[in-house]
Structure formats: C-alpha cells, structure tokens
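The following blocks contain the structures, represented as structure tokens.
The following pair of complexes shares a single chain, chain A, combined with chain B in the former and chain C in the latter.
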Partner chain A sequence: MAVVASREQALAVAAVPRVVPSHNGGGGHHDEPQRPAMNQLGLWLFFVSESFLFASLLVARFYLAGTSRGHVDQMLGLGITAVLLVSSLTAYLSEVSIAQGNRGAFLFYLLLTIVLGVAFAGGVAFEWSTAEFSRSEPYGTAFFTMTGLHASHVISGVAMLGLVYYLGLRGHFSAKDHWGVEAVVKYWHFVDVVWVFFYPALYLIGA
Partner chain B sequence: MENPELLFGIPLLIIGALGLLVAIEMLLAGAAPKSKTEAAVRAGIMAFVGLAAATVAEYFIATGMSQAMALLIIIALFKAAVIFQFFMHVMRLQHAHAQEE
Partner chain C sequence: MSETAVVQQPQGAMPAILPVVRGIIGAALGFALGAGATSLIRIATGHDAWDLELNFVLGYTLAAPGWLLGVGVWQFWGREWLGWKPQEPLLHGWQRYFTFCTDHKVIGVQYLVTFVVLFLLAGAFAMLIRLQLLSPENPVLADGTYNRVMSLHGIIMIAVAVASVVGGFGNYFVPLMIGARDVAFPRLNALTFWLIPPVAVLLLGAQAVGGWDSGWTAYPPLSVRNASGQIFFNMAIITFGLSSILSGLNFLTTVTYLRAPGMSWGKLPVFVWSVICASIIALTFTQFFAAAMLMVTLDRIAGFSFFSASDGGKPILYQHIFWFYSHPAVYIFALPGFGITLEIIAHFSRKPLFAYRWAVGGMLGIVAISGLVWAHHMFVSGMSPWMHGMFLVSTEIISIPTGLVFLSALGTIWMAKIWIRTPMLFALSVVFNFMIGGLTGIFLADVPTDVNLSDTYFVVAHFHYTIVGAEIFALFADIYYWFPKITGKMYDERLGQIHFWIMFIAFNMTFIPMFYPGLHGMNRRIATYTPDLQGINIFISSMAFILGASFLIFIWNMCYSLLRGPVAAADPWRARTLEWRVSSPPPVENFPALPVIHGNPYDYGVPNAPAYAIIAIAGASGEDDPAEGGN
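Up next, the complex of A and B:
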C-alpha cells in the first residue's frame, strides 16, 4: 500500500503545472510548463552514470595492456580527434543560434555537426579495418572495446542530432523553447569529453 | 628519450599557444560584443582555439617524450574542464536549480 500511495503522490506532484523561467533568460510558456532544473539534473546524472562506464574501460585498458600500445595510425587518430573537436564547436554554434531564434544558422550548424559525426565514425571504421593487431591481444581488446563503445555513442548521437534536425525543419524549437536541442548538443559534448581521455590512452600513451 | 631535443619544443608550444590566445583575445577585445549572441560565439571560438592548441601540444609531447603520461593526463583534464565550462555550461546547473527552488 505504501508503494501505491507513494506512486499516487508522485503522479499528483508531476501533474501540478510549474512555470519556471528558462535559463536562457526567456520566460516559460504558460500553457506548457517547463522544468529546466529537473531536466538538467536528470541529464547530468545520466552523464555521471555514463562516466563510470567509460572510466572502467579506461582502467581496464591499462590493467590489460599496461602502458604498451599497438601500432596505430597517428595521423588518423589526430585527424578524427580534430573532426570531433570541430563538431563540438559547430554543435555549440547550433545551440547558440536557436537560442537567439536564428533557425537558418541553427539548421546549418546542426547539419555540419551531423556530417562531422559521420566522418568521425567513418575514420574509426577505417582504423578498425586497417588495424595491425587482433582483438585477442590485450591492447587490441581494449582498443576495439573502447573505440567500439565510443563509436556507438557517436552513432546514437548522430541519430539524435538527425532527429532534432528533422524536427527543426518542421518548425519545432524556438528561442524560448529548445530544451531538445540543448540536451542533444550537451550529449554530443559529453561524447567529445570521453574522447578527450580515450585519445591519449589509445593513441599517445605507451610505445 | 629518442629525441631529447624535442623537449625544447614544449615551452615553445606553450608560449605559442598562450601567444595565440592573447593575440585572439586582443583582436576580439578591439570591438566590444554588440550582443549576447556575439559574446557567446566569441566564448565558443576561444574555447575551441584553446582545445585545438592543447590537442596539438599533447600530440607533440607524446611523440617527443617517452615518459609524458602525467603531462598528457593534465592536458586531458584541462581539455575536459574547458568543454564542461564553455560548451556544456556546467555552472548553469546550479543557477537553474536555484531558480526552481
């Protein structure tokens, strides 16, 4: 009964409209209650839980292979890192654009981010196809697991960016209401942060 | 250390990166931002330049030094902090929570 009561309480709380000004300075919609703080908190808690997953992989890489490293294409590694870095800037500019109501720039930078994301995934796929180590070696196990899991996040990020782009084309989002854009762009930055640690661990550290 | 002379490149890289940042800052400071958008774009570009400089630095440090793990970790932490602060606006989380309360 206690569970039923607490569930009813939760539903009652969720049903109460709460109008909160957005963090971008715009007022909340009176007919569409916004809960930016809860949304933000939920998103950041998701990032924290993801961080544990990626951190465990990072530890596993050094546990399995120590500081030794297989032969990887340094130029390719630097290239895809640069691509992901630029995509973070374009994603940021996309978010800034919609926050100011500039739909044209928002869609342009978003499309650019999608293209760069696909290019990054393509670079990882090329690295996989040309890798000179097998997945049964300690370093190979770490390399394929880490890049594979990260690439899956990149692909899911591209899919979500694509969805936001489609919705943007259909007139969704505005200067006052663009939480969907903000959340997806933050997710994209998080994927970039993960690569900030994976790149030196896989490409630079070790001999 | 395979190429010890490459160690001389580290301070040069740091000075170069700082110089680039200062130069860009001076150029940008020449005209005050006309709007909130312009200021946000400038902040984003500045963060990007810092990240790019740090990435280039870590690449040359790693290829030039055999025992540079600690330095690479510091650079990675710096890059992550820049992304969290300038791109992900982590500090706004506290402001948004305060507003809701």
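Up next, the complex of A and C:
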C-alpha cells in the first residue's frame, strides 16, 4: 500500500547516519551534539505514531467480529510467532556484535534475522492460501487486513535489514558508529511487539 | 542573501525546473510499473487486464515514491542509503523554491504560497456553492456537480486549515523563535512539503473520473459505492496524512533538542507551544484517518467488508475511526490559531501575556482531552445510546481548558494601550469570532438540541465560525504580522485595514444569518431548500460574494508590496521574540551565533526586565535587546 511504501522512506530518515546538509546557497556543516538524541526521539515518535495505526485495526477487529474467530491453524500460528520472537533475539545479537566491533558475528546474526523474517512472511502467505474463511466476512476482513498490514511491515523491515547487510559487507558501520543498524533493529523489535498484540487477538481469543 | 556560494548548475538550462520534471518522470515510471504489474497478474489469473480502481491504487503506490525520488529524495538522501555521497545543488534566489531545498525558511514559503493559492481556489468553489443557493431551483450546478463542488471545497479547506499555519509559519518561525538554525530533520521537512503536490493533483484529478460526492467526511456506504474519484480522494488523504505525521514528528524533535541556550520550556513563545500541541495531535491521531481510508479502499477494490452491512460489516465503525481523528484535527487548526493570536495580542498590547502558564496548560489540557470527545458528531448516527451522555459531558469539559486560553487573551487586552495595526485587528477578531463559535457549539454538544440541529446549516455556520473565524483569521493575522520579516518589504497598512474590515464584516454578515436557516431545518450538503428560506439565502450569498471579493484587496496588497513596498526594518513591531532580532529576511542559518536567552518573551513595560536574548556578533560581546522595557 502507498502508506507502507512511503513509511519506509520515512524510516530511512532515522535508519541512516547522516551529515548535516548545508543549505542551498551556502552555510557550513555544524557540529551537532544533539544528533544522536534527536535520531532516537524521531524514531520513537515514529513508533508512537505507528502504534495508533495498529491500534485502530485492533479495535476494528473486536468492533466488527466481537470475540468470534474463524478457523486458523494453531500450530502454524504458534510456529510463525516463535520464528518472529527468535528473530528479535538474533537482531539484538547482531546489534550487540557490531557494538563490540565483531563484524563477522554482526553479519551472521543479521543474515539469520533476514532468513527468519522471510520464513515468517512465508508462513503468513501459507495461512492466507489455506484460510477457510473469506475476506468478505467480519473476522476475515480483520484477519487479512491485520496480518497483511503487519506482513508488509515485516517485508519492508527485511528490505531494510538487507540494505544494512549490504552496507555491512562493504565495511560500513563500526563499534562507535552504527546508528543505521540500531534503528533498523529497533524497528524490527517494534514490528515484533505489534505481533505480540495481534497474535492473541487473531489466534487465541474467542472461538 | 549575503553568502557567496558558487552556482554549479549550468546556466540558461532552467535548472530549477529539472527536479519537478524528474519527479514527474519518476511518478510516470512508478505508475507504469505498479499498474503494469497489476495488469499482468490480472491477465495471468484470467481477469480483464484493466480495473480502474485496482490498477490506479497499485500504480499510485509506486508513483508516489517515484515522484519523491525524482524530485530530490534520491539525490540528497537515497544515495546515502547505498553508501554514496549525496549531491546537493547550489541554487540561488527564486530557484530554490522549486527544488528539494532543506532550508526551513524556503520550505515555510513553499507551504505558505501553495496553501494560500489552494485557499483562494477552494474559496472560489464556495462562491459557486453560494451562487447555486441563490434560489431553491437554480440551474447553475446540476445536483451531482453541486455535491462534488461542495466536497472539493470541504477537503481543500480542511487541508488548508491543517497545513497552512503549521506548515507555513510553523516551519518558517519555530526554528527562528527557539533560536535554532534549522529543524531537527531538514530533509524530512522537505519531504513533507513535496508530498503536497500529489495531494493537490489527486484531488483535482479526481474530477476527471467523476469526482466524489461524499463530502470531506467520506462516510460509507456512499463512499464505498460512488464514482471512482473517491479512490483518488482516499489516496490523497493517506498521502497528506503522512506529510502531516512526519512534520509533527519533526517539530516535536526540533523543539525538544534545538532550543537555544537558556530557552527553558517556560520561556518558549506561546506560538511555539501551540505548534507543539498541534504536532502531538498530528503525530498520533492522523493515523486513524489513514486507517479509515485504507478500510474504504479495501472494501472498494478487494471485496473486504468493513462497512458492508449485508456482509456483517458495520458502517458506524467508520464514523468512530474517522471522528477519532477528525475531532482532534479541529485542534490542529485551532491551537496554532490561538497561539498566534495570543502572540500578537501580547506584542500589540505592549503588556506581558496574561497567565502564560495557564494558557499553555490550557492548550496541553485540550490535547489531553481531545481524544475523548469524538462521538459528539454521532448523536444521530445510531450508535449506542449509553454513549450519548458520556460524550456530552466530555465535550462540555473540554471547554474548560479552551476557556483558559480565551481568558489569557482577554486578560492581556484588559486595560492595555492597544496599538491598532492590521495583525492586531485580525487577532482581536479571532477572539470575537471564536466566542460565537464556542457559544453556538454548546447547542451541538448537548444531545437534545443537537438531535434537531444535526446536518443543518446551523452546523455549517458553527464550524465556519471556529475554523474560518479562528484559524483563517489567525492565518491572515500571521500573514500581515510576518510579511515584513519574510519579504523584507512592508505591506500597505491602509489597504490592510480596509481588507480587514470588509472581510470581518462580510464574514459575520454571512455566517450569523446562516444560523437562522439552520434552525429552520435547511439541510447542509444539498443543492436546494424550501422556498420560504430564499430571502435569507440571497442575503447570505450576497455577503459571501463581498467576503470573496475582499481577498482581491489582499492579493493586490501582497503583490504590490512585494514588488514596490518600502523596505521593512528588522523589527517594525518592536517585538521581543527572537525572529525580530535578525535581519528581514533572515540570513541563511538564521543567527551569526546561537542566541542566549535571559528574559521572558513578553515582558513589555516590566521594570528592570532582562533582555530576552543576547546574540553575539562575530566575536564581539553581546547586543542589547532593542525592545527591552517595551512601550
């Protein structure tokens, strides 16, 4: 969706370390002691904003379908949830590794995170293809919208992890300077936390 | 401009046009890619190749990023994502206004000019509406066309209300007023502006595929079943929402971290506080409008059933989600209007702002309660009756913090030796207009009266008093107040005051009588009415035409003064805030050295008040505040 595509550009603000642009027509580059703090706040405000989007869908799910639930594959749901939670752990290990200057471990855990992210998206795609309910009934409307919007965030997260991996391979990022890694990993955790709310709402509550 | 950077673009090749051309090419490529891929998949799965709405949505999903990348995101930003150096152009003068320029002052002017033009355009649509309403059976507009014109007028004016003051004056003056060189994320700032042209193109382009007739509120089930222009509207709202969210994020980060040394939260100009409050609302609630549009879009193009009652969907869900944004959005309009009104009233009353802390607390209180009142728009929608009393009470409660802001304005005017200039006239009129808007709002908050007044012209008159009367009058107060700072020229005071009086009187003569047909049941959004109301409608339309004509004086004054006006001093209003401590227009990067804040922004006539700010000049010691002591 347009929302998602443009949101990723928005995130890239925070994801990429940047120099202060000089203004058109002159002006110098300034030292900016507040830069790390501003990047952090900007990223967190972005999460606050996104939370409202996901919250609106969570509310819509119960408003539309109450606690009624269509038939979903519980083992698959549990499986992809486990995969996503483990991917947060590997993302964390990746960030810690670059903070310690260990490029090998950083790239290894990053790749593992990407693989797990793709596995999660694949699991959702499989659930979609085998679903026994349609998108034109209340539960189905909520299910496909929520998993779809969440999966689009997972896929864009994978794309950004891939970009960080590419930059990491080419020698970017260091123990001192790895804001790009930190931002994308934080985004990954955020997408994970959203699923922690969506999973029970779609798979566990009701009957 | 004093700097001497080298122009590196080839001369004579109209370099400033290039970014826009690149953007259009990017958008075309993106659209072809998105829509083409959709067609291929549709053919592969045995459907017709072309489904207007589906192809359009998926095409636009790539056209919007294509436009942004072409217009400058790739050059100044995207290259960094691949580890390359960004290429920044060095352009001078007018050319910067057509590029992805990161200077907050350039972006402020881009917003301002864009939204003043949109304001005049949407005003022209209002003239068409009033022309139609001269008679109950007027052939000027066909019924369907009337609804489309009304919808277009509504949404463009809402966009103007959301982004003109915050995007225009917020961008230009918040960094100046807090003593910063720019905003926290300059490139993000440029991005928020360049998201606006697609919005305007979508809203106007929608007319080519039948427009949309569901007003700016776009309630289903109509918005799920009407002409395809609706889908353009949906995409426009999602795009505009993104711009609004990101600019809120930017302002909040900027004010948190880039205040000048000594600028504690208690010394922030009240306009900055109002932008903070509007930014909090924009950052969070806007997502709900985007979510509502996403749901309508999915219902239309993909067979979802959010709002289709026959499939178990619930149309009222839309109204809850929509108003959960759109009531707080009223404060995105109103709070910056209040902020600038208090600002100007303090400077032109030559007195300290009365009860500064209570006024700021009032604005924050409004933000806190703004998310708890939305369903007062739904008393006749069929929602559960137990919600009626709750939302009646919460709506009445929000008038308490609003009252604090109002009392701050009155307390500042009280016993003041008022200096009457055009900005002050507009600011005082905001207080008057908002009083009428607030008092008539009581009847719409109370369920028994609202049940009778809902969807009538009483509502139309009421919200024009709050939105036009408060925010648009504040926008014009702003324009006159800061015109000398932005342009370096002085506007014509006599023409300014003539514009004010015609606009103020015609506005009140248009909208005070409008409560009357509302009380007699004249429906809003409908091209006709009962014949007994024709007399008053003719009067309202005549006054509306005078209101519309008053802007011709404004346009003339602005254009003539820009070209031929006398050169403005750095501080024509003898105001204490920081933007008046630098030249008109301010230099690139605003200050020779970061200002150090000592006093309070509104200490006019206070004995021994310290200077508000001291700005070091090129190694020399401090400069005293010329407005010290005031009056």
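Note that in this section the second predicted complex is superposed on the first by the 173 of 207 C-alpha atoms of A that agree within 3 Å, B and C clash if a C-alpha of one lies under 4 Å from a C-alpha of the other, contacts with A are read in each partner's own complex, and residues count from 1 in each chain.
Methods note: contacts are C-beta pairs under 8 Å (C-beta built on N, C-alpha and C of every residue); 3 or more make two chains touch, one makes a residue touch a chain.
All values derive from a computational prediction rather than experimental measurement.
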### Touched partner set for A:193, first chain B, second chain C, both or neither
first
- [ ] Check whether A:38 is in contact with chain B, with chain C, with both or with neither, and answer first, second, both or neither.
- [x] both
Requested in this report: For A:122, decide between first (touching chain B), second (touching chain C), both and neither.
Outcome: neither
Max touched-residue count on chain A (chain B vs chain C) belongs to chain C
Counting only touches as set out at the top, which of chain B and chain C does A:88 meet: first, second, both, neither? first
Applying the document's definition of touch, where does A:172 land relative to chain B and chain C: first, second, both, or neither? second
A:66 contacts which: chain B (first), chain C (second), both, neither?
neither
The intersection of the chain A residues contacting chain B with those contacting chain C is 18, 20-21, 23, 37-38, 41
Counting only contacts in the complex, chain C reaches chain A at residues 1, 3-5, 57, 60-62, 64-65, 68, 73, 76-77, 80-83, 86, 88-92, 96, 99, 101-103, 106, 181-182, 184-188, 191, 195, 235, 238-239, 242, 245-246, 248-250, 252-253, 256-258, 283-288, 290-292, 294-295, 298, 302-306, 308, 311-314, 317, 320-321, 324, 588-589
Seen from chain A, its contact residues with chain C in the complex are 1-3, 5-7, 9-10, 12-13, 16, 18, 20-27, 30, 34, 37-38, 41-42, 45-46, 48-50, 52-53, 56-57, 59-60, 63-65, 135-138, 141, 144-145, 149, 163, 166-167, 170, 172
Per the touch rule above, chain A residues touching chain B in the complex are 18, 20-21, 23, 35-38, 40-41, 44, 67, 74, 78, 81-82, 85-86, 88-89, 91-93, 96, 99-100, 102, 186, 189-190, 192-193, 196-197, 200, 203-205, 207
The residues of chain B that touch chain A in their complex are 36-37, 40-41, 44-45, 48, 51-52, 55, 58-59, 62-63, 66, 69, 72-73, 75-76, 79-80, 83-84, 86-88, 90, 92-93, 95-97, 99-101
